[in-house]
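Pasting the structures here.
In what follows, subunit A forms one complex with subunit B and a second complex with subunit C.
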Partner chain A sequence: MNLILDKISKCFGDKIVLDDISLELTPGVYGILGANGSGKTTLMRILATVMNPSSGHISFNGQDINDMEHRYRELIGYLPQQVGLYKSFTAEKFLSYIAYLKGLTKAETQDKVTEVLDLVGLSEQRKEKVGKYSGGMKRRIGIAQALLNDPKLLIVDEPTAGLDPKERIRLRNLLSRISSHRIVLLSTHIVSDIEYIAKEVLILKEGQLIQKDTPQRLLNEIEGKVWTVQVSEGEILELQSKYKVVNIALVREKYELRILSDTRPHIHAISEVPHLEDLYLYHFDEGASQDAAVKV
Partner chain B sequence: MQLLKYELLKIFQQKSLYVIFLFLLVFATLIADFPNVDLLKKDVYHRWEGPLTTEKVQQAEKNYQVLSKGFNLENTAFTLTDLSKLGMYEEIAVLHSTESANEKQISNIKNEHHYNSELQINMLQKVDHLNYVYNYRGPQQMIDFISFLSFLITGVMLLIGLSSIFSREYSSGVDHYILSTKKGRKALVWAKLGAALLYTLSVVSTLELYNFFITIIRIGNEGWKAPIQILFDYHRSPYAFNLLEYHLIQIGLHLLAAFGFALLILLISSVNKHALMSFFISAGIFAFPYIREFTQVQWLKTLLSFSFPYVMKVKPLFVDFQTVNVYDYPVLLPIMAGIIMLISSVIFILMIFKVMEHKQVTT
Partner chain C sequence: MTKREGKNDQGLVDVALRDQELLHLEQDVGSLLDEYDVEYPSEAEIMMTIDRLRPFVPVKVNKRELMFRNMAVLLKRALHEIFYISPLFWVANSLFFLVALAAVFLGEQNPYGMIMILAPIPTLTGLMEALKSRNTGMAELEMSFKYSLQEMILSKMVIIGGFNLLINLVISVSLTVFYHHIWLWKLLLFWITPFTVMTAIAFIIVNRLRHFYAITASLMIWISFGGLISQSHFIGKLESLSPVVYILITISAGLVIIGRITHMYKRGMTYELNP
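Take a look at the complex of A and B:
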């Protein structure tokens, strides 16, 4: 099973939002990282067939998805970034509605709705109106509906936004578990969501796919470039002006700075094992130092 | 089937519908409540009902003279009973005169040689002579109600019930799911069409039931066999229908036009993100043909009688002999209206499917 994107571009007027994206996806979890406005949602919408690319083709197992029409839609599960719901419907009713839209029979629907509610931990609230749900619960309903048809291709746009830590871990495990025989495409700003489960990480920057590789190989790229050093308050500014400081933490009355640099930034600096977050900040440096400072 | 159920649910769970419908019916009941002249009339009618004989005509004329003379001399106001008697005598006089009027009209047309003269003569010859006195007030009330209020109530109910049918999906964000699912672009559209038509049918039939019962209670249910020419507004009509036949045709055309209008609302809703926007655009389209009331231009008048509100009124199509010239073949206005409604409905349906096939999310 594979999904191939061939030179996908998308423009809104003069603005190029996706620029000539080509890639191949096979079963496993793909994590899309990218700053706000880098085109993640647009890419996922195109894959979910709710938006047309300006140019380029997508094929699933060798068949153009435009020709496949509903046979392609039958295979996908899609969680949009903004979860839409009918406020006056109960969770159960809403999910049944989506199940019928996905072509499930009445009997299948009952079982499936129960199953997905269980997966997202909302079985007990199934008779409550979704209008009264909290933000995180709404998102979980969104995740549940995406799973109703056992999708071969699961497209989830920031599924962890608004989830509490317990639910995030639950979701991460769920995605990892089901990804052995499905393509899962997941966008996020929280790098730890995909650090351990992603087969590959895609990095989008201003509509261009600048990286696509396994987490390990991507990290190798910045191996030896991540440093920590403990300094006094007075030295922070100087280091910030010279280097990319990705984090500042107060440790035993000294400041511990995490720095990205090709060379040792300070005589006391220690080389660290790189994390994906470092990689992310490595690519999206603008303003990173300020962000780090704010975290103090 | 399941999808249809959900679409019906989405329409019928709008609570405002019931409130507004009830309000409109109360309003209709109030403004259509003319005083009990008609109850008095019933007795008067029963006194005169039956074949129109020469004696009856003479008697009525005599009674009329006596009654109106009394008024002149003593200068007193008429009682309601007197008024309805006077009305009755006048009616008998008019009935008496129609036969000769009809014949005169026919012989006039015989001298004309328009593409549609022959049709007109044939039709006029089939019209029943008004040689019978009926109490037709019940049917009249029901027939008038359609052109007087039904069309407006149906229009308003369709507007508020259906404007949001697609827009709701866009504004709630559920369109993202819908458009990415197997059935979201075709089967769902069928379900929405079905639900909208069932809703239309239920509005029209509830209204008809209301009309029927309120008329029965107030006026009664006799006189359905009278020819439509007995109604003053239709006295020139070339259609040989009795009141019952005409009312059924009226309901049929009213419903057909309501279906067409419902489909138009759906189409507008399918391209509008905001239900309110859909509402106002559709309402504008519904209200616009009202300029017909203010124009004297005949072709524009004819054209506008094919618009939704006027076909829903039905009456403007039947009061006169009017045809549309299709390659020298005269097509009667009601038939033309029916054809136009059918064709536009089909076009609307095709357009809705086209819109939904290519629909993309925007936000």
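Take a look at the complex of A and C:
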């Protein structure tokens, strides 16, 4: 099973939102990383057929998705970034309605609704109105609807936005669990969402796919470029002006700075194991030094 | 002999040699082809090839059959959608229906004027249901489903139209049963004209504007028009108009509706989400 994007571009007037994206996806989790406005949502919308590309082709198992029409839509599960839900519907009614819109038969619907509610841990709340759900529960019901048709391609756009850490981990684990026989495409700007579950990470910058590789190989690229150093308050500004400071933490009356630099930034600096967050900031570093938060 | 004449003679010799080479080559290939024998495939092999190619042969579509099949699917979907339409829609329109009946039976209002006012109201209120996806933020999600958003809207419009038809038929029949001086055909004409006109406008709104304020505006316009109709001199003027005028207006509006439905079904709405 594969999904091939061949020179996909999208323009809105003069603005190029996606520029010549070509890639191949096979079963597993793919994390799309990019800053706001990098083209993540546009790419997802094109894959979910809610938007047409300005140029280029997409094929699923060798067939053009435009030729496949509803046969392609039968294969996908999509969770957009913003989804309103029908607030007056109970979870059960909502999922039954979506199952019908996805073309499931009446006989299939009941079992499938129960199955996906179990999967996302909402079985006990199945009779509650979705309008009364918390943000995390709404995202979970969103995932549940995406899974109703047992999709071969699952597209989830910023699924963890607005969730507390516990809900984020829960959702992350759920996506990882269901990814064995399908292509899961997950867009986020929260690096930890994909750090442990992504088979490959796609980095989008200003509409261009600048990198696509396994997290480990991407991290190798910045091996030896991540440092920590403990300094006094007076030294922080100087280091911030010279280097990319990605984090500042107060540790025992000293400030521990995490710095991205090709060379040792300070005589007492220690080389660190890079994380995906470092890689993200390496590519999307604008204002990082100034914005680095102080953690106590 | 000049240098140029010498070159020309040499060129002619080269051409003659090349022609001779080609002639030999042609003879060689000809004799090879004569010896080559294409084996004729067996009957089983021919049938196997035909069977393998059969899935790729385009199926001849019977247009009439396809149209009936599409209509059947549309009706099936519309019936399914009934269960997901907001109870508010049914309650509000039942109230309109009761108010209209009470106005005629108790308030002694002109039945033709009353049915004219009531005719498009279920359609206009039903538009809110048809456009619910957009208002609730579900449109993007619904566009990714097997049944497209325009197919869903069309299904909802079919229910709304059907409900309107039913509600008005009930009123018309009730009025003619209790008031023998009322003409059924005239009632139907006074119902069908505003119904088709407002439905045509509704389809244009759904297809192009898709905003709730457009529905509210249409409702307000119609209610104001209703105020005008309820004045006896105005309804008198409307009653004096030739039925041909009503029929022509209805036919024109009907054509717009058919055109819009065909457009929605064939091409879908030119709907694209912006980033």
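Note that in this section the second predicted complex is superposed on the first by the 292 of 296 C-alpha atoms of A that agree within 3 Å, B and C clash if a C-alpha of one lies under 4 Å from a C-alpha of the other, contacts with A are read in each partner's own complex, and residues count from 1 in each chain.
Here is the rule we go by: a contact is a pair of C-beta atoms (placed from the backbone, for glycine too) under 8 Å apart; a residue touches a chain by one contact, two chains touch by 3 or more.
These figures come from a predicted structure and were not determined experimentally.
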Discussion item. Once both complexes are superposed via subunit A, do subunit B and subunit C end up clashing or fitting?
Written reply: clash
Worksheet item: Is A:Ser179 in contact with subunit B, with subunit C, with both, or with neither (first, second, both, neither)?
Response: neither
Worksheet item: Of the partners subunit B and subunit C, which touch A:Ser187 in the superposed model: first, second, both, neither?
Response: neither
Worksheet item: What is the contact status of A:Ser88 with respect to subunit B (first) and subunit C (second): first, second, both, or neither?
Response: both
Worksheet entry | Which of subunit B and subunit C A:Phe12 touches, first, second, both or neither | second
Item to complete: For A:Thr160, decide between first (touching subunit B), second (touching subunit C), both and neither.
Response: neither
Practice prompt. Examine A:Asn247 and indicate which partner it touches, taking first as subunit B and second as subunit C; both and neither are also allowed.
Written response: neither
Worksheet item: In the superposed arrangement, which partner chain does A:Ser38 touch: subunit B (first), subunit C (second), both, or neither?
Response: neither
Worksheet item: When you line up both complexes on chain A, which piece of subunit B, out of 60-68, 114-122 or 312-320, runs into subunit C?
Response: 312-320
Worksheet item: Which subunit A residues lie in the overlap of the subunit B contact set and the subunit C contact set?
Response: 45, 48-52, 70, 73-74, 76, 78, 80, 82-88, 97-98, 100-103, 145, 149
Worksheet, complete the sentence: Interface with subunit A, subunit B side, in the complex: residues 2-3, 6, 10, 13, 172-186, 188, 360-361, 363
Fill in: subunit A-touching residues of subunit C, taken from the complex the two chains share
80, 84, 86, 132, 136-138, 140-148, 152, 272-275
Item to complete: Quick one: which bits of subunit A touch subunit C in the complex? Just the residue numbers, please.
Response: 12, 17, 41-42, 45, 48-52, 70, 73-74, 76, 78-80, 82-89, 93, 97-98, 100-103, 145, 149
Discussion item. Under the definition above, what is the set of subunit A residues touching subunit B in their complex?
Written reply: 45, 48-52, 70, 73-74, 76, 78, 80, 82-88, 96-98, 100-103, 106, 109, 145, 149
